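Structure first, commentary second.
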Amino acid sequence: MTTALTLGDRKQMYRALWRIRIFEAQVQRLAAAGEVPGFPHLSTGQEAVAVGVCAHLTREDALFTSHRGHGHVLAKGSSLQATFAEIIGRESGLCRGRGGSMHLVDATRGVMGATGVVAGNLALAAGAAWAAQVKADGSISVVFFGDGATGAGAFHETLNLAALWKLPLLFVCENNGYAEFTSREEHSNVTQVSAFAAPYHVPASTVDGNDLLIVHAAAGEAIARLRRGDGPYLLECMTYRMAGHFVGDAQHYRSKEEVAALKEKCPIERLQRHLTGQGVTQAELDAIAAEARQEVLQAVERARADPRPDPATVRDYVYSAPALATS
Amino acid sequence: MTTALTLGDRKQMYRALWRIRIFEAQVQRLAAAGEVPGFPHLSTGQEAVAVGVCAHLTREDALFTSHRGHGHVLAKGSSLQATFAEIIGRESGLCRGRGGSMHLVDATRGVMGATGVVAGNLALAAGAAWAAQVKADGSISVVFFGDGATGAGAFHETLNLAALWKLPLLFVCENNGYAEFTSREEHSNVTQVSAFAAPYHVPASTVDGNDLLIVHAAAGEAIARLRRGDGPYLLECMTYRMAGHFVGDAQHYRSKEEVAALKEKCPIERLQRHLTGQGVTQAELDAIAAEARQEVLQAVERARADPRPDPATVRDYVYSAPALATS
Amino acid sequence: MSQTFIEILRRALDEELARDPAVHLLGEDVAAGGAFGVTRGLAEKHGQQRVRNTPISEAAITGLATGAALRGLRPVLEIMFIDFITLSLDCLLNQSAKYRYMSGGQLAVPMVVRTQAGAAGGAAAQHSQSLEAWLAHVPGLVVVAPASPVEAYALLKSAIRLDDPVMFIEHKRLYAMRETLPENAALPRIGTARVARAGDDVTVIAYSAMVGNALEAADTLARSGISVEVIDLRTLLPLDMATIAASVAKTHRVVIAHEAVRNGGLGAEIAARIGCELFDELDAPVTRVACPFAPIPFAPELEQALLPNTADIVRAVRALSG
Amino acid sequence: MSQTFIEILRRALDEELARDPAVHLLGEDVAAGGAFGVTRGLAEKHGQQRVRNTPISEAAITGLATGAALRGLRPVLEIMFIDFITLSLDCLLNQSAKYRYMSGGQLAVPMVVRTQAGAAGGAAAQHSQSLEAWLAHVPGLVVVAPASPVEAYALLKSAIRLDDPVMFIEHKRLYAMRETLPENAALPRIGTARVARAGDDVTVIAYSAMVGNALEAADTLARSGISVEVIDLRTLLPLDMATIAASVAKTHRVVIAHEAVRNGGLGAEIAARIGCELFDELDAPVTRVACPFAPIPFAPELEQALLPNTADIVRAVRALSG
């Protein structure tokens, strides 16, 4: 099934891209101002993957993401305010301020968790897929990870398991050409991540991850297979992170020219060109972006006004029952 | 380089197969008599891989093996007596009785170690290959492992590293169709282990591991590449373990017919047929086997007479200096 | 009718599989009965979907169990030897144990990891370890180590019903031990120790296979008029300090016995707590009987020389009561 | 001229690379300077063959370093966060630590694993842990945790020269600390603690970043006339009990301070040993200042509420001397 997108859908997606872009710009801005604890990783430049894939998911589907997961969580439907509140450590945050940027969970929307350990939750995503298979409720599981994660054994162990058990698991690799400061050539001898699927007889493809319509179509086909019970699929999306590895990264490892050249590839501009070609006026596009901006800024301001967690509650949620807690 | 084998070489190898076969029969016999601690794993039926590969190695080459490593160690040149003494826990054993069947080390012969953790030393073998590369002494590193080990992430991580760094590392997979009681179909979706090499652009092949001459030729070519500095190679040898997974295995998971049918494939009988075809008389073949038998039995008897370790030395060899030891 | 530890574990798993459709077993060879036969016949009875063989992928199967637990299953995972739990630890430490906390209480990980530990018969350095102290240092985990078949039955069932990740450690030396399961045995609460033998002079705190040694030592010592109270911890995390305190208040002397190496073993935590919380109760230093700091050697003479045993406990108790 | 902890580590590595051609650095991003800049410039100076980037493969690179050490190199491996040491543990526990023993003394593993631990600034549950107690429970390993740049310099050089696998734990809060390296500083012997401040009333035993808190607490307490002796352990395995004993013989009161969770932390072992070996010296229970048993939360208020600090040490010392 390739979902036919109406022009309205495409405008919605344009807006979704902007929401993520602006949301993360706010993370960056407030991080510079010292309001964001930790070291958040932005997905700026990679938003099309999040929006293109998540468009096919329902709340019942499980989503797992990496350290670079803000976009995925928003695209899956989590509240802007609660997500931002989590990233700045508020009690109103998705995880009551316990998790932070790298550990976003929103169970009611099927956001099952992010991880700060590279490749650390691929197998968890397979477990969710297994649960879906057992329950036979038609839901699937999706896991986002980077090219660097393919160096980790957990990726390969999970691929084997998913293939063997025919799990409804979509592997989405966001191949942005870097693992931190190390380029792909220096961390892997493998030309395309999708090539890893072949030995397992798992179908796979590599697509332009900065073209939302291409990602959407490819993800649609892959997910349709999954829902039919055909087993896992590996979707590699070629993309580029326009921001540093984390907020504050001096980016010594890549040239200004490289970054500038790749800004060309910006998925938002790409979709904008497409929409303009479809006759959407610049004024309308600007209005969509402005609306998204407005919505995000309001959510951010509300999150900033939200209360901080009560230190007295710091030891809550360790065990199912207080009797199990240990000093 | 494909080493041309003289008839004399082939007779030597016939003898080498018998040495391993008889050695392990003695392990089995004495295990039944309660003289072998632990749970040794026999390579009965898989000897051609050990002999065919190790024929190309020198003492300077590093060898790493698995829990099923007696044959590899003997083929690399370790003493029958010291190896057996280790397996029955004597002070004269390769590791002074500290290691046992699953932890054979004979550093002077380049036997760098066996492991009881499946896939636990593939990366160590890569490290030895890295050291060889740094020293540029022309030596290589070889690691033997089973088909089950390909389920472990360490295998894939090591393959990537070896490919990326162009390490002189020969991966030898003894694919015997089982991981303990679980058949290959149940533990992997991958038809041939050699297929794992392709994404990394690592050359690989799958050969009949029960045909010594085929193994010898394939290993010869692979090792010649390694010595030329062409990077790693993955050699998959299809074989069958004629014995149980460990001594004492009731083998509920496979039928008597399957085992009987596969005895046909016995690498010793195979080489025997070849040698007969080359005009070697049955009498000569029998004499070779009898000599091997004699040699092994003598070594075993000597090992059995060897002294046991002194309990007072149990805490030796933990650290480089006594000052570092802790109670 | 008496049953072995293995048979009673199987019975507990069988009953839990029948009771709750969310319970699933997985691990290497478990559908083929498992390396030690614990799961024999369960795949045939409950189906290959409920009792599943896995590849040799400890990391991924631990993650698989964790992810499935997040989505409503109650997986019981078998890790064949505790020595290989190293491969599961990233998941256990960084995911399974922390999920409830990191999600602010949104999610739970109701899973059990059954594993087998300890030294016996030349299993050697990589198949003989006792690593429970690592697990007991992880907030979010529960650690259980039964000392007898009947205890194991009840604790395994309780563990499966708990909404936390439970590490369930079986000792290879106990597998052949036989007991008869009483009818309608009450399930003990996880987190409670038991007094395995009452006594007045010295408290010996033990768990897993060492409880047997402690009871043996108590018998021996009784013959010389020393009355030993033996506490079987059962749950290693959390520790039942109330039961310990009650005993120390009576005996004022403590020996802690475990098979793991002494340095950094669970005995350290117990001794530290007793030394701090029960300082005024102590008439003598808290003594630990444990493995000296070395890997487990292969040769039987060496293995026996290294492992702590009943005689070591007897000696330690005598030294305190002397 | 003063240098930061990071700069001094770099200097030690630089000198060791120059001194011994067997020394090689490897790890994720190390040729690009490393995530914290410790190795900046070293690849340029010593060549990409001596300072190598690796894939994100903690298990394999630990094995790689171990295998290379078996064959004569002296690898210095960087594991970016101690939280990821979980992925190295199979190799460290089952191979690196045991090789000498299992081979009956044939082989050695002269390697150093540098890693970075501790909580600061909202790094959250998976980037803030203190897992040294796990490592200190492994026979065959050596564990070092410096408390200052000058100490780190000397200990790192000693570690590289040792013929055993050494875990070298750096604390993220110390990275910006500055000190001036004295000329021709003697290298301290691994396995020896130091008295960081002499005192008479109470001994505070600490290591890594907590030594700073202990010294701060000692300053505060000095103002109310309580004289605190601060011991910096430096080496966590093996423990220097002689230095501890000398201090306890003087003060008879002990506080142990570490950032790791109390339950099963290194303080347990230290307290247990003091309680046993120095029983008659103690005038009060050995107290532990450590992290309560929970994962490290993200929000700063929660993080600060959980982590042990100077005030906690002050309070613990006062309670003992009160």
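We call the chains A, B, C and D, going by the order they appear; numbering starts again at 1 in every chain.
As a convention for this text, contacts are C-beta pairs under 8 Å (C-beta built on N, C-alpha and C of every residue); 3 or more make two chains touch, one makes a residue touch a chain.
What you see is a predicted model; the values in this text were computed from it and never measured.
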Lowest number of touching-chain links that must be crossed from chain A to chain D: 1
Furthest chain, CA centroid comparison against chain B: A
Chain B and chain D: spacing of chain centres that average the CA atoms, whole Å: 40
Computed distance of Cα centres, chain D from chain C, in Å: 30
Interchain centroid distance [CA atoms averaged], chain A/chain B, Å: 45
Sequence positions of chain C contacting 2 or more other chains: 54-55, 57, 59-60, 83-84, 87, 90, 94, 101-102, 124-126, 139-140, 237, 263, 293-295, 297
Touching two or more other chains - residues of chain A: 95, 97-99, 103, 115-117, 120, 151-154, 157, 160, 164, 186-188, 318, 325-326
Chain contact graph, described as a line, ring, star, complete graph or other shape: complete
Contact set on chain A toward chain C in their complex: 62, 64, 93-99, 103, 105-107, 112-113, 115-117, 120-132, 134-135, 141, 153-154, 157-158, 160-161, 164-165, 316-320, 323-326
Contact set on chain C toward chain A in their complex: 24, 49, 52, 54-55, 57, 59-73, 75, 90-91, 94-95, 99-108, 139-140, 142, 162-164, 189-191, 237-239
Footprint of chain B on chain A - complex, ascending: 150-157, 160, 163-164, 186-191, 195-196, 198-202
Residues of chain C touching chain B in the complex: 28-29, 31-33, 35, 53-60, 83-84, 87, 121-127, 262-263, 292-295, 297-306
List of chain C residues in touch with chain D within their complex: 83-84, 86-87, 89-90, 93-94, 97-98, 101-102, 124-126, 129, 133-134, 136-137, 139-140, 237, 260-261, 263-269, 271-272, 274-277, 279, 282, 284-288, 293-295, 297
